[in-house]
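We call the chains A, B, C and D, going by the order they appear; numbering starts again at 1 in every chain.
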């Protein structure tokens, strides 16, 4: 017997699309009890919102999110709008007793994130932040390998998230599709957009980041506004790099940019421990690379003439999430990372073991992001306070 | 204004699932007029068929395909059942004026394929065979590059399709999930199952295969039947390799097996021409490798200190199919090859330019498959007759 | 106390250079007793031979190999001249009691190879054929892994040796540097030049090739002679591909060409067995790829979520030959394959355990080459007679 | 007519070996006038030095470098001893009018490096520091591509130099082979040993590094001394990472460690510019990866469906140094980077255009190294003063 999960989606942009796709696919692939129902989608532009609703099958359209979060026929509010709107919507949704799923980064700053976390926890509503890259099977396998103790004492972690789509000074900023370049809507540039992913994954695998030393740059100083046509100063960080010390004593380097010619979605991490190492690259998501040094069975080491980096093609039914899809050797795509996340969230509701990352976890990532921006401004090492 | 495309699906196995998924996704991603409606799914086991119908949302269940192909509320019959059933169903569907989509290989042999081709052509019904790998964006890009004249005179083509899932003699044969190992249901082993894909792609890119010299092997001679438990001789080819001469004078090697330890879905091709070369591997489908030697502009060669194999990450909006999905750098999955094929088929109906491969094209592949099996039996070179 | 190994080199071309380099480096890297002394180099063109002798440090020059093979101050005759000269020189050298090292392929045909083998065996002189690619550390490691039983029952072997340097019809044939394109000097085209390497490696790793079905092509039909300027028909095979059945029942595909645009020295092999697989590519010789499936210790399988192709960077001191060179992580080059071969040969003399491949082993490769050419001519399967 | 270049080598360890090998090979491969003569090698341990001299062919042995630098039969002093000895030897050699080749890093600190630079410049003697990785053909090609203007405005540079050989606490420190772990002999850990290479390459390709923020770690706090057996504190940096701002405004990340399990000689760099990007990895030195975006000819861009990272196999005769070796597709090894460096040095003498990096260039690298160590100690950004 299935239960309805009535969805109110806020936002019809890129993330509105990826989340909606996940709701529509859930029951085809995952044996959960809940059946998402696309009740309403909310957007300020009624025409565009209606077109989106028609394309994807939402029952109705809202143009004021305040109506949506109060609607009685909605169980879950999903926030897929620009960063500057997350705070208000999440607080209101929680206070109306709705489950809240929020696109990353959680908030514009730590103060907001703390209040949002308090709100969902006080309301006691299920909540999750869409750090979807945890749900790439290869990344989930990395977590499993770490938890199996195959990496050992951690020495190093390094992450990059490189893109190249804003190199041209002709790219405008602001407006519907380009709010990520507008500091008022986005809060920061690559730090909140891309490094937030890297930091979430890093702390999931390697524990809290204790302190950072960062530098940011804005390579293109002025851009035309996409809607008004006015030339405006660029307020975001085009690129950000930082050194990190983890609470466990390991060292980290992080870098993100939208100016790395030839890198499109080059979200990579490498972790080096006493017993093994891991490497992942989102541009070839079907692989996790693993160097195993640890003794496989008691008393024996890997024979040294056979050691090497192993490319694990994470498409076996033994790999995370993959038993729900096709056959070994066949890949899933970007969109399935959202589907997997949703499946985990719903399973969390049904089993009473909430999935991660919830708002509290995302708050820790926010702490690091804020510390990074702060360090870059001050030119000093900054403690993050992340737990 | 949308038109219904009422689907009658025959088969609820692996291919029933991939095709059904395509029908459900079509309108989310492609701006076609037709809207698939999942009218009925047909299977011999009523309980399992009903479970499938419920999971995927079919309106009703049939247990006799003859009823389905005659049903008035069905526009399109999709054949996803074992190979030995394609012939009868396709003929009947065509004679009832239904569009026919058939899983590959088209038939058990050339005689069947010829009759099926006649049937759909006489009935004048739209038809297609699901050689889905043409619709991997990287493979479609290979076709585009060939058509742009960037490869030049063709010298070599080589293809492998390697898997490893039947190495253990404990794998049973026959029954619902394992009919591919039962010669009565499958007609052949890797030749029809895997090499048919390789041959279809090869002839699409490099033109007809004129003659072949082949060898097959059956490494495991007896297997237990999955349902009866009886030990039976194995009738299929476990592995098949052949030399080919193409009509254009180029040379080809082809190999397929389910005994290549560590290869899961290693469907590769390489094409070498006077002006350039191409390489593809289905285990990392997001890449097409291209070596460009030809002059890029009149009178200039690529500077020789800069030549190299280029890994094209085929996820830009300029790449085939990709403008319908997400953003540059994000991958689609195995399932989308079926969705792309369906979108092409439907667009073909709407524009009046039928998509490929239709039954006539698949007949040519069948000619090569039959010639391969025949050559392996006789130990001689065999002309294929493919056009 | 060191012993002299007085070398008489026949030929000052590409192979004269690689072999000479090996003699000069031997004692720097390998702790053998013998010290090569560069006594004489022999060539028909006195001026060029003298320049070579000066560059590399030979004590004197000969222009008639008959003088060289009879010279009392020579212990070892090294044959680095075109294929059509190997026979006479080797027979004479052996009959004069010299050790004989011969560049591959051993001979123009099996009849010659048999007589040459008899000659060195009757004379009882140490002999070796320079199949240098056995001495790539990665290839030697492949052999070690096979011998350790990590591959198990063999199912498949596939080899390519692809180059692209003769695509242009403007490349002349014949003369000093281009005798490989002249059928009278070379005997065959890619079969003797490149496939001989592939066959030697294949039979070393996987045992004798029992029978073959081959096809050859000559894409460019006429070329200018490099010295005379006359336009002549091309007599060699530009490309050759063949199917093989090994004596152990496994299946093989082999292909070689000089028309694979973008492939420069793409000498690859893959071997698939029940327990594991191997892959090697000479264009990145520092790697051996290994897929391990076999139980590592009794009773345990590799955990299936961890299986993957392992890239072994064969530069550890545990890897074949590497303890003689630098430090882990540093590569050796093409030239060291000859040095390693020479070191093995000299060690074979000193320990009384002759190294391989000797003339008798190279005769088996010749049998396969002849069968390949014969099969291509006749269009039938041909037994090789190789042991 | 050839001229002698009489070599006095100080040190018979790892670098004594690589340099000596270069002297012995020079005239075999490069058409320079000078012929190196291995006059003398100097080492404190007479027995070991004599064994080395015998193995490699030095005419005599010295045990006091002061005798060597004054010897009349020596033209060139090559310093291959631990870092703490470079200063005195170089100063004395220069003041005796000898050419000086010095192993990197040039000195223990900037003060020494400045004095050494003054010494060779006042003496007017040819001088070079063995930053051999500039002479990997792929790295030299990177330089050529930068100079051809194919990268454009530089945005990012990132470098790693990762090894894993000191993870075990059982590795001793100090003594002949392990002085790199002894802070008194080495001055620093990975910073001087590995990062010095990365910095030299970075500034060669991307110009001066203006300022840095660094962190170092010593993971293993105590080690046994290799000779005395005493347990001692570890004084070196086991790992070092730093952020850099280049004078041209681009951003850099650098990291080096000997605790990256599975990385043996993972010396990599990536450079991202407006028009193109470069990537290199010393573990596969035969490749340079290049992403080309810039217009190839005036008015045309690379077609966007064809852009991709190109793996250039830098073994063509058009590639730096390669025309001196074998044939396209065949690799050279680690040792040849020293040979290439020597050939450049000797050509510099003969043409009167001194090669780089000379002492003055190496002084700039020393400035960055010192700034890195200083930044790590202070926890602040530090200006380097490098030019």
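The working rule: a contact is a pair of C-beta atoms (placed from the backbone, for glycine too) under 8 Å apart; a residue touches a chain by one contact, two chains touch by 3 or more.
Keep in mind that what you see is a predicted model, and the values were worked out from it rather than measured.
*Asks:* With over half of the numbers shared counting as same, classify the subunit B/subunit C interface as same or different.
*Replies:* Same residues, largely: of all residue numbers at this interface, over half are found in both copies.
*Asks:* Out of A-C and A-B, which chain pair has the most contact pairs?
*Replies:* Looking at A-C and A-B side by side, A-B shows more C-beta contacts.
*Asks:* Averaging only over C-alpha atoms, locate the centres of subunit A and subunit C and give their separation in whole Å.
*Replies:* 54
*Asks:* Taking the mean of the C-alpha atoms as each chain's centre, how many Å separate subunit B from subunit C?
*Replies:* 41
*Asks:* Approximately how many whole Å separate the CA-defined centres of subunit A and subunit B?
*Replies:* 36
*Asks:* Give the residues of subunit B touching no fewer than two other chains, as numbers and ranges.
*Replies:* Within subunit B, residues 307, 309, 313, 316 contact more than one other chain.
*Asks:* Residue numbers of subunit D touching subunit A in their complex, please.
*Replies:* My answer: residues 155-156, 158, 160, 162, 164, 167, 213-215, 217, 219, 239, 241-243, 245, 249, 251, 253, 255, 257, 259-263, 270, 272-277, 291, 293, 307, 309, 379-381.
*Asks:* Mind pulling up the subunit C residues that touch subunit A in the complex?
*Replies:* Touch residues, subunit C against subunit A: 141, 144-145, 290, 292, 296-297, 300, 304-313, 316, 318-319.
*Asks:* Mind pulling up the subunit C residues that touch subunit D in the complex?
*Replies:* Touch residues, subunit C against subunit D: 14, 17-18, 21, 24, 27-28, 55-56, 163, 165, 264-266, 282-287, 313, 315-316, 325-336.
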